[in-house]
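Mind having a look at this structure? Questions to follow.
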Amino acid sequence: MKKIAKDRLPELLQKMAEAGKVYAPVNKGGKTNFSVWQPGDAADLTTLRSAVPAKSVLFPQSETYLRFAQQGKKLSIETVGGEADEYVLFGVRACDAKSFALLDKVFLSEPVDQFYASRRELGTVVAVACREPEDACFCRAFDIAADAPAGADVCVWDTGDDLFWLVQTEKGERLTARLAGLLEDAGAADDAALPALQAQIRAQLDELPLAALVAEKKHQALKQLFDDEQWLACSESCLGCGTCTYVCPTCHCYDIQDYDTGTGTERSRCWDSCMFSDFTQMAHGNPRKTQKERFRQRFMHKLVYYPNNYNEIACVGCGRCLEACPVNMNIVKVMKKIGGEAR
Amino acid sequence: MLLEEKTSQEQAFEPLIVAFCCNWCSYAGADLAGTSRLQYPANVKIIKVPCSCRVNPNFVLRAFQKGADGVVIAGCHPGDCHYSTGNYFTRRRFTLLMNMLDFIGIEKERFTVDWISAAEGSKFAAVMNGVLEKVHKLGPNRKMRDKRWKR
Amino acid sequence: MQRIGVFVCWCGSNIAGTVDVAQVAQSAAAMPGVVYAKDYQYMCSEVGQNMIKQAIAEHGLTRVVVASCSPRMHESTFRKTAAAAGLNPYLVEVANIREHCAWIHKDKAEGTKKAIALTRAAVAKATLNAPLVAGESGVEKRALVIGGGIAGLQTALDIADAGYAVDIVEKSPSIGGKMAQIDKTFPTLDCSACILTPKMVDAATHENITLYTYSEVESVSGFVGNFEVAIRQKARSVDAKKCSGCGLCAEKCPSRKAKSEFDEGLRTRGAIYIPFPQAIPNVPVIDRDECTYFKTGKCGLCSKICPASAVSFEQADEVITQRYGAIVVATGFDMIELDKFGEYQYGQHPDVITSLEFERLTNAAGPTGGKFVRPSDHKKPKKVVFVQCVGSRDTSGRGKPYCSKICCMYTAKHAMLIRDKYPDVEASVFYIDVRTPGKNFDEFQRRAVEEYGVQYIKGMVGKIFPEQDKLMVHGVDALSGETVVIDADLVVLASATKAKDDAEALGRMLSISTDTHDFFTEAHPKLRPVESHTAGIFLAGACQGPKDIPETVSQAGAAAAKAIGLLSKKKLVTNPCVTTVNEALCSGCLACEKICPYGAIAAKTIELTNNGVKETRVVAAVNEALCQGCGGCTVACRAGAIDLKGFTNRQIMAEVDAICF
Amino acid sequence: MSCSCSTHKRDPLVPQVAVIDAMRVDTPDVTTFRVKKPAGGQAFSFMPGQCAMLSVPPVGEAIFSITSSPTEKEYMEFSIKRCGAVTDHLHALEAGTEIGIRGPYGNAFPVETALKGQDLLFIAGGIGLAPLRSVINYVLANRDQYGKVDIVYGARSASDLVHRQDLFETWPAAPATQVHLTIDRAEENWAGHVGFVPQFVKELGFSLDKTVLVCGPPIMIKFVLQGLEEIGFRRDQVYTTLELKMKCGVGKCGRCNIGDKYVCKDGPVFRCDELEALPDEY
Amino acid sequence: MEKIAAAVRERAKRALATGEVDRVFAWKRGEFWYDVTPAVFETADETDELLWDSFCVANLSKYLTGAVRQGFKVGVFVKGCDALAFNQLLQDNRISRENVRLFGLPCPGMVDPEKLKKAKRYRGVRAVARAGDVLALQGKHGEQQVEAPAYLYDKCLVCRHPNPVVYDELLAEPQPVRTPDSDRFALVNELEAMSAEEKFLFWQEQFDKCIRCNACRNICPACSCEKCIFDNGESGVAAKANADSCEEQFFHLIRAYHVAGRCVDCGECSRVCPAGIPLHLLNRKIIKDIQAIYGDYEAGLDPNVPAPLATYRLDDADPFDGHQKGGKK
């Protein structure tokens, strides 16, 4: 294990940035989000949840990936999407790290989404353990260890004074090697302090209001769950905004749009939400006519369809939707109502 | 002589002014300016609308997005509206919009509303010259530009 | 995508002089959708037009763009050209590269660049043009004239003479209006009644004219050619069919407290009365507020003595609904109240009167039988002071900021008449300016000064103090700067004219606008002075602004001509550039309805099945015949549910994009 | 993780250039586009029932079923009905214009497995003939590998019948192939059957050993399935192809799922007994 | 507040039991002490779950549009700001007054859990009770009392109408108005005083955070269009994502403009924004301008008074006049 004094974090980021872009949680205009770190930016390791999940680095909210040029009847197409250079994604939490694995199943399954794949390939993920989990956290329901984030290339713990740095993968090794001058070897005392810190985190997790939440694949038949009469009651308060979708680290629906640049066309894709009324609107009708159907789609997808296809629930318990929903409707309430324990 | 003194950068800046003119007064005023051979810069390009009250704030923002450095709405003088009350609404609507643009940091000088009658060819030219002068001083509008739009 | 043809006009050297037309055509050829582009010397010439027609046929053009002079010039020409080639005329767009380009720029490169941009905008708009078809509606061959004064009478007579039915609605019990109250008219000093009465009789007896006196317009709906008007005929309490007009009832009526409206309150009348001897119809009316029978249930004398048993206390208001093709508003004017002008003692002292009261005072049929005496002691005054601009040209807020226009002339008339009849009476006039433009007007006023020795003092009266039986008029002679004090016996105030108090309400009913002073607004101050903004509604007389009689009569004739022109049409073609509502998008907030100056938008309830659930929803509906196509509603509509044909949101934004190219 | 350098590997969302070789107006609102690579030939290989995404910048993309048979190697055909911005734009193009194309998307009718050797009954309505035509022509091109072919096809009116040459000349002339046409309402110069497709199918009364392929408007499919069941067909004998809003075509953008199946990836061809297990959300 | 809550429950129960209404829109307890969800109650039995506490911030008025349109008779609880919203919806013809039974609830101001969180008073809390302006935070380790005003939503601190302006019956004693109205525009004034550059940078940073989730729009009682232009591909201005920053400017400017003169200043847009954009400032700027230029008008106060953009005065201020007089230059 390596370590570095916490107040030297800017130096560390600076060093990383010398080799390529570094995405880090930075507070701008009152909210912390992952953005390309610039000298002078203070990385925010206190805020647990970035307003927008870290998936935005791998799967940007909006990405122009094609350029068309037309000359008379001739058409030429240029691919401009994806990432070309190595970069570091610093400060991801366990839940967000887990979300990458869930997104991988969608985007890296055949046919592979090359734009996502390039970002996944070229990025080195540095995860940070959560020192102070919050009330809305329920990552534990999905066996995610907030005290020991998995799925990252490097794991970092904030002890208050120091950052412990534990390499997880070869990529992490390479990054660590680049930072050799800054990171120092951790001592025996540190090695002992880490389990204590982790235990302290776990103890906090035990105390959370949702600590007892069990998330397992629903056992009922798909159609039975689909026809559950609770959907109406659950969805009645839903405003049909896309807040839950856009703050969700696992939601991955997207739209494709053309933009006329005046001299050509740019095609981009952007996040979309199945909560929006026009998501499935076709010229001759809409299979999901009311908010109930759209609401059901979102949660059936997370709790039933995705698990059917990939054997895991598409939720990481980050709690963002619990915090962000304007009317406090969220996946926990749905999990408890639909085909689950009757309250 | 004056032109030569300008820096090359200033010379390169050719502002684009989009002017929405009501059919009955200001468009006719622009026609009169033409008939009277009054000069105003070619940077001003006119879009005809039946009445200034047809101008949607969307159009104004759209023009700024697409690279306009200034936008003008010209209608009949209040009280002279062909549709009797149209420009009274124009007046309220764009009083608020102008203030909003100012509030988010778009210079007020980039957005002009003026009343130009069919008989005021010279006023038309004067207003356009004035707008251009102001916009020229401000320089290109970068604040609302859609960077994807290539001009 | 469309197949667009672009035609670039040289306009001789007018355009070609500053615009490289060939380059414009060449650039146009590369614009999206353009399949044909050509330049020619004169597109509006027959050869040019044929070129367009031929290209439409040969290249299967679906849209035509002409880059030429202002569309105000030749848009209709090119539309007709397209129509002749079988293309909907509204698929034509004109790029104004002459007035808006060639004529204002000197640099050819610059001009060419701009011409290309303007053409691109026209192409972009044309791409989104939709074929539009003008609708048709019929015309009800009947006109309504609101107001039975000289303006209304003249209008009605002219329309009736042209062979169309006309109804006159007059609020008071008799037609005649203000002119009937006037003694003599300037500048010829004709007897007002002598020239008016024949017209009143003509109107009453004209086979095409129906009079609704003591009546008011209650509601107006519909649109040009097809108005539907409800007229409330107030209960006269006298059966007009039975009444012989003998006047016995009015003579015997024991109630004598009511002030005569006709005589400006200078004498009283009965509760049952005929407003004035020449009144038409010559049928009395019971003023129910004054009538003892109506107040107490007792009396009924008139009923008892009426030889024709025409008095009918039970008579009720009647509402008549009638359809009209045209409406002429001729509601006239009033004089302002003078309660804010305390310095003149009007209302305090009986010998301070208004000019209109003076007319009654000098009238042979007036309260004094034409004897020139002052109201207080019925003595002949020795010194009369006239004060002009009482409330006119007054920006203090007490009066009106405009010039009432007639006062200079009638004041001169009054002074002249006094001096003519009673050379021993001194007449002085306080004035700010003397405004006498008009045929023989200035000569008239000068005669007053020069021949009749009326003393004109430039200046305003500061205050009037009653002193014993005199009125001490304190003024300033602005020319000498000296204070002038005149010990007058009678003071006549030329009070300002104003619009009728109910003008704004009537305007709302008719969907026509009023100006700041509640005078009705003409469609264009110069070019359409007798039309209102609402098609089919015309204006005559002082309801549109202060006017004298000759002006009023000529405007009445003009309004009649406009109305006749309208009524003579078999069909009206409606402007196809009107708004339409996309009901699927409309949320029924009716913001559009609230701002429509023509009342063309109304709520409509539709039933629809939304996701299998039946719902009723309110949406806006446009009456295309009323819509004039200003497009104001489209901006009020947040959802873009209401859009203007020919100037749609998409079209204008396409123009913006193209211009910003 | 595979190599993912975007410049070397084509993303599934990236189209290739193809050219509209010819356009044939079928009905007032349907035109058939013949599309090939600029150098000639199919843009990619496919099987009957699969779809392709066509791009017309700057309007956008839309997915269409390929109506030509893969056995026609020189080109691909798309019968496209005007119903939105992309199709409007396509209809206004001229032959020779280049567009973008990507695919193939979705599964195909099981022409090489379940349909082999079977008597086939095709039932189509309106533009629904487009995907089935690919199968029909594939079957006719490999005529000896399949049993009898019956084609029931209906449209609103005679002028709305697409692929008239196939309907009136090519297919009736093919061995052991029968074409049964109907239109919704009687009209002059129409001697054929009048009535809706579901009723017509019942009237024709086919033997129950056929394998059925159905495509048409949702309401037609619904009543055809009902009718077939009434006659005695089992659901597992019937195949249909579905259409939902699609953007990516590769099962990722999240719009076209019915339950846990993505129409663009797991469909669009479904055997009707499979559909029954899915939620009724299409 | 508990006492009123009981009355609220009782009233809802009675309304449903007697058939006075078909449905009641109210609030329901969620997972946490601060977690309250709007809910529809259809039977009297369900009303035990009904709630009235310091976290009933959600405005229920907008939910009425659907139910009323389907012909149900509905009962709804309205706080001060909710009642303004109700009136605005009424003015926009989105609901009809006849089918709605309005239960007015004078509001003591709602508590912002974020503020408690920031003040580190958040951890371990399991329930919050309120008596007047005292909040009792009950946690595992006992109770802690704090002053409520410090933790109220900003919007509640400048609330002008704690008491409903329209109701059929009022279920509690009216609340006093907290702060003078003038505070409301403090931030607007501050921004107005900045230079164009500063203003632009401020908003740029704010708009950059926007994720176009539409929460601000969907919660807004003045945003009640059948289909928003930003959702309508045909409108030509629809755009889903922040492909370019100008689109956020466009969206927020036009949204603010669309609610100009109709915004009841409930502050919900800012409350629900997951990116923390002070969107209400755009609306307040317009409200301030309207009041300064066109006189006192308060959206939602009286649905019969024409909205400022639906009317005009001949002598309206003309800020444009005088830019270029005459033309005789």
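Letters A, B, C, D and E mark the chains as written, and numbering starts fresh at 1 in each.
The rule we apply is simple: a residue touches a chain if its C-beta (ideal position, glycine included) is under 8 Å from a C-beta of that chain, and two chains touch if they have at least 3 such contacts.
Owing to the predicted nature of the structure, the values given are computational and were not obtained by experimental measurement.
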{"item": "Result of counting contacting C-beta pairs for B-E and A-D, higher pair", "value": "A-D"}
{"item": "Chain whose average C-alpha position is farthest from chain A's own", "value": "C"}
{"item": "Chain of greatest Cα-centre distance to chain D", "value": "C"}
{"item": "Whole-Å gap separating chain B and chain D, where each centre is the average of the chain's CA atoms", "value": "53"}
{"item": "Separation of mean Cα positions, chain E and chain B [Å, integer]", "value": "36"}
{"item": "Chain A and chain B, separation of their C-alpha mean positions in angstrom", "value": "46"}
{"item": "Gap in Å, rounded to a whole number, between the CA centres of chain E and chain A", "value": "30"}
{"item": "Where chain E touches two or more other chains at once, by residue number", "value": "227, 229, 233, 237, 243, 309, 314"}
{"item": "Multi-partner residues of chain D (each touching 2 or more other chains)", "value": "none"}
{"item": "Of all residues in chain A, the ones touching two or more other chains", "value": "64, 255, 257, 259-260, 262, 264, 272"}
{"item": "Contact set on chain E toward chain C in their complex", "value": "69-70, 91-94, 224-229, 232, 234-237, 258, 306-307, 309-311, 314-315"}
{"item": "Residues on chain A engaged by chain D in the complex (per definition of touch)", "value": "65-66, 68, 70, 73-77, 79, 81-84, 106-108, 111-115, 117-118, 120-121, 222-223, 226-227, 252-260, 264-265, 267, 269, 272, 274, 279-285, 287-288, 293, 297, 300-301, 304-306, 308-309"}
{"item": "Chain E contact footprint on chain C (complex, rising order)", "value": "515-516, 584-591, 594-595, 603, 613, 615-618, 636, 638-641, 649-650, 653"}
{"item": "Of chain E, residues touching chain A in the complex", "value": "30-32, 35-40, 58, 62-63, 117, 122-124, 126, 140, 205-206, 208-209, 211-215, 217-219, 227, 231, 233, 239-243, 268, 271-272, 274-277"}
{"item": "In the complex, chain D residues that touch chain A", "value": "1-2, 4-7, 9-17, 19, 55, 57-61, 83-84, 94, 96-100, 218, 243-245, 247-248, 250, 252-257, 259-260, 277-279, 281-282"}
